[in-house]
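In what comes next, subunit A is part of two complexes: it sits with subunit B in the first one and with subunit C in the second one.
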Partner chain A sequence: MIEGSPITVANETLAIIETRKLVYTYSGAKKAALKGVSVTIESGEIVILTGPSGCGKTTLCRCFNGLIPHFYGGKIEGEVVVAGHKVVDQTIYELARHVGLVFQNPENQLFALSVEKDVAFGLENLAVPRDEMIKRVDWALQMTGIEDLSERPPHELSGGQQQRVAIACVLAMQPDVMILDEPTSFLDPVGAQKIFEVINELNKELGITIILVEHRLDLASKYADHVVVMDEGKVVLDGEPRGVFNSEKARLIGVGVPKATRLYQILRENGTHLSGVPVTSEEASKLLLEVLKRD
Partner chain B sequence: MIEVRDLHFTYPTGVEALRGINLTVRDGEFLAIMGQNGAGKTTLVKHFNGLLKPTAGEVVIDGVSTRDASVAQIARNVGFVFQNPDHQLFCETVEEEVAFALRNFGFKETAIKNRVDWALNLLDIKRYRETSPFMLSGGERKRVALASVLAWDPKVVILDEPTIGQDHRQKEKLRQFIVQLNAQKKTVIVVTHDVEFVAESNPQVMLMSGGEIVAEGDAREILTDQKLVAQASIVSPEITQILSGLPDLGIQKNVIDVHEATSILLDLLEVAS
Partner chain C sequence: MSMFEGFRFRRVSSVVHLLDPRAKFFFVCVLFITAILNSKLPPLILLFFVPLPFVLMAGVQREWIRSMRGALFFAFIIFLFNFLFTYLYTEYPQVPSAPLLERSIAMTLRFLVLVESFSVFFLTTSPDHLGLALEQSHIPYEFCFAFTTAVRFVPVLAEEAQTIMDAQKARGLELERGNFLKRVRNYIPILIPLIVGAIRRSLELAEAMESRAWGASEKRTNLYVLKLKRNDYLLVLISVLMLILAVYVWLYIPIPSLTILLSF
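Entry: the complex of A and B
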């Protein structure tokens, strides 16, 4: 890990983000977008944040990086604490050091004439000294596996390459937490798997807390430590993946649970019990083999 | 019917995106085009409504070459829903957006009103009638784009990555809707990376790689072929992966559907016990 490592655990507990009874209403809106959200994200976790369109996922993420209330205004009640600081007392620019956001569509994030300049942009805004900036840009390009693209114009790259550039831009800021909004939706499955592997490495090697906003749980589930499901502005399920995916509520809300878990459920309805709840296809194969051998 | 004969296309930058495509899409067919990013999928379907014209070879729609028809003429029969809705939407309200093409095609005002109502209902966006499309979420904008195409009831509907940004429930609704369109004898062509979506919809599947067609067949045949799947940078459906992770138990493994898989497994357990 290089100097100025991103991990600064601010208090005794390992919570890096904590909200308490968070209620938020966009300015001009009649109804609250968040209706009492209390959620704790621990340092070093990979969290999947999911739920139907319009459930408040994006709004909650905007609270994590201070865009709410500093940019969007509106009415906020309750508390959001990021790395030990209350978000309302911080500026967006201070929060950007702690929480980085990678957009769903990299086209909306990349604008410079070269990959290197795009990755350096956030650091320029923070007035990072030149030597340090070069070091950090090189490091971010290396971590995301795109050193060879540094001189290329981002708009000429493939979707998967652009997605890596977008991640590198945020990584260069060395945040404690990275929020990625459907980071693979434009990629083919093999490209998507590679991006999830990059994300997983950033988490395991650097301890960066990852919040994945996802609908497609088939590819992402195996990396998650924690799943939060929202519906109509509230957190309705919050826990480890197996418990969440296997709950009746997840099915009722219409969370797209992995097929491995679905197979487990249908077998159980038909009187065959596997010894655990599978989330990935490898786990399902293993558990199936147990019952097949037993007989 | 869409007939593609030895189609080549080279972008002005010199990138050779299509290298000799031969394909027939019959009326009423449901076809999914899959393959890695940059394989030429979108370039190919842009030829189906005349947005792109062949560098060499020919695309013939109902007997007329796309070289001899304007995009507007072709669009009456072939509707195209773009991957990124922002490339398609430009009106101030959702209602105007959906009515726009209808006005261009010369529909009467009463017909326009009925069709707009129908399409907004269908895609569950009626409440956004007066809203600017740009105030909506990505998934909602995608549905506005879809509504604006379905409103004029084209014979062929092309959807480029329709499931991006859609939650599970919307995706399931969209899937049922596409299957229903197809049951009404519409030709539906979907470009997608979403393997689970294809496994559940069971269309004909065409795989592309490097500007060429590498395989064509039904969804089960193509998606359970490990070699083909790897060649096209996609993965097998989860169910296929689960079954192929089991040793040889003498069971059928080319399965893509969760219910079929469970009945195979339950049979196996019954025989064993």
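Entry: the complex of A and C
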């Protein structure tokens, strides 16, 4: 970490989202979808949330922005605190100032007839004055690299472009935290890569905390500061990426451990020890070269 | 898809497209009223030509001709009904008399003028603008939002319907088989997935809207604002003059029918 002013140091240890023993059951469901989740997300980090399908990742995201319990109802126990506010005591629109949620399917979260109008939607709801709104919309379009699409109808864009519009929509509201629920599952690898780069830039330049629900760990892990793995409604692994990916448990649950980390493990089983745990192929090749030169 | 082509507004900009939808709507209403006030053929012929310069200026001749062709069938029915009913229920002397024919043509033309003016309006007004105009006319925002969202999702649903239809046909569903009742029943395997899909879609939509602070404030602001410009005032002025003229003529000047004019 770069040495910063005391303020940034203080910020870095501040929890922006915290859940304590969170138990949630959807209305009408027999089984709880979340069974005692306690996680802490620190301000300014990029967190990858992963785990097998149906383990409760989306449900947890909905708890972070108040869709649970305010939109979905159901039974909630334990505590969720977001930017100092208890989620159960807030409305969804109050929370929207702090938390932005980007959904999996880009098509159904864009509903206006032009990109800029869609990006402005949240600001219109918050009654932001028009001059300010125009500035913020332009800024959000620029940050996501889609200025040239501003007048196009969103539904005629490619999936990758649509997902960037969806990010701009949330970004324009200047949230502290941006949650992206499997934003790349409808995209090709190139489109996915672009999304990750945009997300990373938002984090590095603006200090927005990112929570990324993702299966494509090969592409995404190099950006992560923190990885949380869930299984059957519980958090089973929580820590910095290398430790989590290298653990035996991650592999047993069926997390798509990055190939570079998997390579490290196989080499170790065969008696070759690299000097560190790689997460990306660049790191792996560097460590491999080290070993090859040593021999 | 062809059935829904008409819903897709093609983005073109011309003087007419740039006019304020409220001014255009006022103009269309005046045309409408003028057409209703007149039942004689000569003024209706004149009225038929009034929207034509707008069609040409907007460059939507092809679309306009297509929509008029669509109206032709109804026009024919209207003509037939007028002709038959006035013949049966009034005591005109000769059977297909000239006044009777003229009256039926006039009624048909009146219908065509109405269709014509509305089609010019819709062909040159983007749904975006229309929604905005509704909003600024103090119509509740929920309604305006529903309108623009419907415009946005109709082509999507149409596409989905086509996909489902193809999928079900590929599994051996035969749509054009059997009597009328059977045929209606054939559409059930298409309607159910379509409805289920639409409900899922609308839930996701609601979720996305909520997450973007829907309902946060009583008084929303708007990215776009409609402002009347010089051309709009001009159009409103023309419309008002036309309306005054139409009402004046209707009250004080009896217009002769074409048959009478020609018999001089």
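Please note the rule applied: the second predicted complex is superposed on the first by the 282 of 295 C-alpha atoms of A that agree within 3 Å, B and C clash if a C-alpha of one lies under 4 Å from a C-alpha of the other, contacts with A are read in each partner's own complex, and residues count from 1 in each chain.
Going forward, contacts are C-beta pairs under 8 Å (C-beta built on N, C-alpha and C of every residue); 3 or more make two chains touch, one makes a residue touch a chain.
Please read all numbers here as calculations on a predicted model, not as lab measurements.
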Is A:215 touching anything from subunit B or subunit C once the two structures are fitted on A? First, second, both or neither.
first
Counting only touches as set out at the top, which of subunit B and subunit C does A:105 meet: first, second, both, neither? both
Looking at A:198, would you say it contacts subunit B, subunit C, both, or neither? Reply first, second, both or neither.
neither
(message) Looking at A:134 after the superposition, I want to know if it touches subunit B, subunit C, both of them or none. Which is it: first, second, both, neither?
(response) second
Query - Partner chain in contact with A:182 - subunit B first, subunit C second, else both or neither - result: first
Dual-contact residues of subunit A (subunit B, subunit C) 105, 107
Seen from subunit A, its contact residues with subunit C in the complex are 65, 67, 70-71, 92-94, 96-97, 100-101, 103, 105, 107-114, 116-117, 120-130, 133-134, 137, 151, 153, 155, 169-170, 173
Seen from subunit A, its contact residues with subunit B in the complex are 51-54, 58, 104-105, 107, 158-160, 182, 185-193, 215-216, 218, 254-256, 258-260, 262-263, 266-267, 270, 272, 281-282, 284-286, 288-289, 291-292, 295
Within their complex, subunit C touches subunit A through residues 11, 126-128, 131, 148-149, 151-153, 155-156, 201, 204-217, 219-225
Touching subunit A in the complex, subunit B uses residues 35-38, 83-84, 137-140, 161, 164-172, 193-196, 232-235, 237-239, 241-243, 245-247, 249, 258-259, 261-262, 265-266, 268-269, 272-273
